[in-house]
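The chains carry the letters A, B, C and D, assigned in the order they are written, with residues numbered from 1 in each.
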Amino acid sequence: MALMLNCDLGESFGSYNMGLDKEVFPHINQANIACGFHGGDPLVMVNTLALAKEYGVEIGAHPAYPDLVGFGRRSMNCSHQEVRAMVLYQISALDGLAKSSGQRMDYVKPHGALYNDMMAKVEVRLAIMQAIKDFHGDVKLMLQATPECALHLKEAADYGIELLFEAFADRCYDDDGKLLSRSRPNAVHNRENMLAQVRQLKEHGTVTTVSGNILKVQADSLCVHGDNLEGVQAIEHIKALIAL
Amino acid sequence: MALMLNCDLGESFGSYNMGLDKEVFPHINQANIACGFHGGDPLVMVNTLALAKEYGVEIGAHPAYPDLVGFGRRSMNCSHQEVRAMVLYQISALDGLAKSSGQRMDYVKPHGALYNDMMAKVEVRLAIMQAIKDFHGDVKLMLQATPECALHLKEAADYGIELLFEAFADRCYDDDGKLLSRSRPNAVHNRENMLAQVRQLKEHGTVTTVSGNILKVQADSLCVHGDNLEGVQAIEHIKALIAL
Amino acid sequence: MALMLNCDLGESFGSYNMGLDKEVFPHINQANIACGFHGGDPLVMVNTLALAKEYGVEIGAHPAYPDLVGFGRRSMNCSHQEVRAMVLYQISALDGLAKSSGQRMDYVKPHGALYNDMMAKVEVRLAIMQAIKDFHGDVKLMLQATPECALHLKEAADYGIELLFEAFADRCYDDDGKLLSRSRPNAVHNRENMLAQVRQLKEHGTVTTVSGNILKVQADSLCVHGDNLEGVQAIEHIKALIAL
Amino acid sequence: MALMLNCDLGESFGSYNMGLDKEVFPHINQANIACGFHGGDPLVMVNTLALAKEYGVEIGAHPAYPDLVGFGRRSMNCSHQEVRAMVLYQISALDGLAKSSGQRMDYVKPHGALYNDMMAKVEVRLAIMQAIKDFHGDVKLMLQATPECALHLKEAADYGIELLFEAFADRCYDDDGKLLSRSRPNAVHNRENMLAQVRQLKEHGTVTTVSGNILKVQADSLCVHGDNLEGVQAIEHIKALIAL
């Protein structure tokens, strides 16, 4: 089972820098590129696409709720039409910028609260699927590999779109296949446990949950983080492990 | 000589309504649709495109400086790369939304201060032309028909892009072919003078300037305004005149 | 029982006009003035304060979540510190502008989703009360008159702040003293029922709920709306009724 | 002659960090605190004020044009009323937050393009002075010490406001007393020249211009920068030098 590594990138904004994008790009396969609503601006997007081209990294759109000060991390109650329109707008913007430099957008991975709402609320998920179905090109939707993936595949089939599933390297899972809340102890793995989880995902397609159960998690990609040097080092370790 | 009518539309934002779009659409040929930077939001754009489809109106992107509170009317000193990126971002967003509803974007007409800077500053104009050249589809650039149109055609040829020229129905011209500043008396024509100017543009391809000179103004399209009922009535009169 | 009339005003933004402020001001007692987060901008605030001065209307700050495109109508999950800071920021801005024209801010009435969250969630309500307690001047907090008003008075006493209670003229109440959701039939009264509700509030301090029960609603002020001409006429009728 | 050190602080925004505020605060006397238009948000302002309190640093408001993506570095053509209103709004917000934590705002130093426009355009300068005159408290205006300081003092006297003058430690001056454009070679001093300039300012109240002339520059405060570790070290050196 070949696991890709995906990372949120291009989240700088104007004079504000965020993330060690240049350090991360050499090690990953898929870049989730911010589209201007929670981070990113047109020039940041252009520069991030250039890095993706340089390193041969796949391009994903990373659309979000319109909440710059909250970095897209706060759920906003939006109608089906609003979610569909904001996703289409953002992925279209990235797609056009990508094509202008001879690249193509491969997938869409919603950001922050929009991602969480997609996983938790069928109406948000279907609005996003509708956007991707209505988009004029072939792009996949990336969501979390959970015990509900059969349902999600069924929904996607109804919309005629393809899915990518991702797992998390550094987050502890609960028995429902959800990520343990960050407010809980040991919600975020230390280095050793993270690498053990990656190894288990790669070799067995499973994770060991917080209560010690074994849970099937079939993922196409691992979500990694490049916010700081420690995160970049973790990515290098994960990459080496996956390449074995 | 067939003159089209173009109008700024889709400039509402969230709960804020602007312009009598529904009243204007039946009478015009080309809709300059705001792209979210000076007005418009994703859902407004979707709804405006639907109206354009209903009335068979051509679609133009109407990109602007990022200045919502100033409605894109204030010049902002941006680099070549910034202008190129912000134009590409906005026209890509509209293009993607248009394609998602089976429509196509035909042209780009910059808004407000970006339009004025395009006409006045070669570096802004070339950054916009670069964006349109780099855009992955065929779109024309609309700018003002002035005595410098030969220069503009030459620049456009260098970038391999096509131009559309527009004239103004209700604005008095100075002897340089520029619009008389709104701060000057009679800068904006009354109904009678406006219709006389339209007739002259249609029949002779000229305008009579503020000082009484005759100036050649070869335009593909007339810019009209649908901010209020008086504007909509003016559009109807102009349309009737052009159709003769 | 003297009932005041309060109305949301100053919600225009840049080139976007909203509300018939000039028509409303002559008829009301209290202006809830937007502070720039859901509507309003510094110049709109200055101009709205000038109208309040001209008509001798009390000034309330109308702070909101930072959500212009959503007009502050979408709940945003914010921490105690975030709510406290955003309320203090907005009411300080309005207070300073008011003082610069020799006026004083009398009260604070949160807007939209922040108002709803204040009524529904104790943690939001206490963060707002903390902001008002920490504010350097004496301002009251306006909230909805509900069966929980004793609890709210107790909370306010703990913070050493004063409350104003408002009732709604045009909205049908449910048996819990909450406003019937707008999605329900007859949630918004017609003119006749609205005036009957105002009369009942004035004379008996009660409303008749959707199920026909009589509910005590002791209000200092009535919330009225000036979005359109019909709303302004309703305000005039209510004012005439109250003055009897 | 006692020189104060002032530094732009509190320019983080939401999840975006900017500047080494915690490292800078122990070494400076005056904090120019962003007010939310080019940087800063309500919670960042609260936290920055807390640091100012902890280190006994004077508080200055640092208002800017409304341009987050451009970090307030782009001039925007605003009317007298717009500049007055945006300055009053921002300084009122900071003032209120300061008072809520028992602090007081001492001065106003415009940011970026608003600062540059204040120095270059009398209409912008007078709009800012009008705002400070109309503000309900006593605050000084900080501007650059230039050969035009007598004019500026005269203007300030007309408005009844007090001025603070600042000089720049690390920037080379031209013969007009203006800062040499950053695009010019040696526009920014190396450490040695910076310290020499500080020494000269302290001992003689002069600078040596790019062409070798001696220019009188009587400053109350020196502008220093805490963007990175090198900047913080420079501040420590300057502080040691001034304290001699």
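Before moving on, here are some points about what is shown:
Just so we're on the same page, a residue touches a chain if its C-beta (ideal position, glycine included) is under 8 Å from a C-beta of that chain, and two chains touch if they have at least 3 such contacts.
Being a predicted model, the structure only gives us computed values, none of them experimental.
Common neighbours of subunit C and subunit D under the contact rule above are A, B. For the pairs A-B and B-C, the count of C-beta pairs in contact is higher at A-B. For this pair, subunit B with subunit C, the centres built from the Cα atoms lie 41 Å apart. Among all residues of subunit C, those that touch two or more other chains are 41, 69-70. Taken in their complex, subunit A has these residues touching subunit B: 36, 41-43, 45-46, 81-82, 84-86, 88-97, 99-101, 131, 134-136.
Note for the complex: subunit D touches subunit B at residues 66-67, 69-70, 74-78. The touching residues of subunit B, when paired with subunit C in their complex, are 13-18, 39, 41, 68-71, 73.
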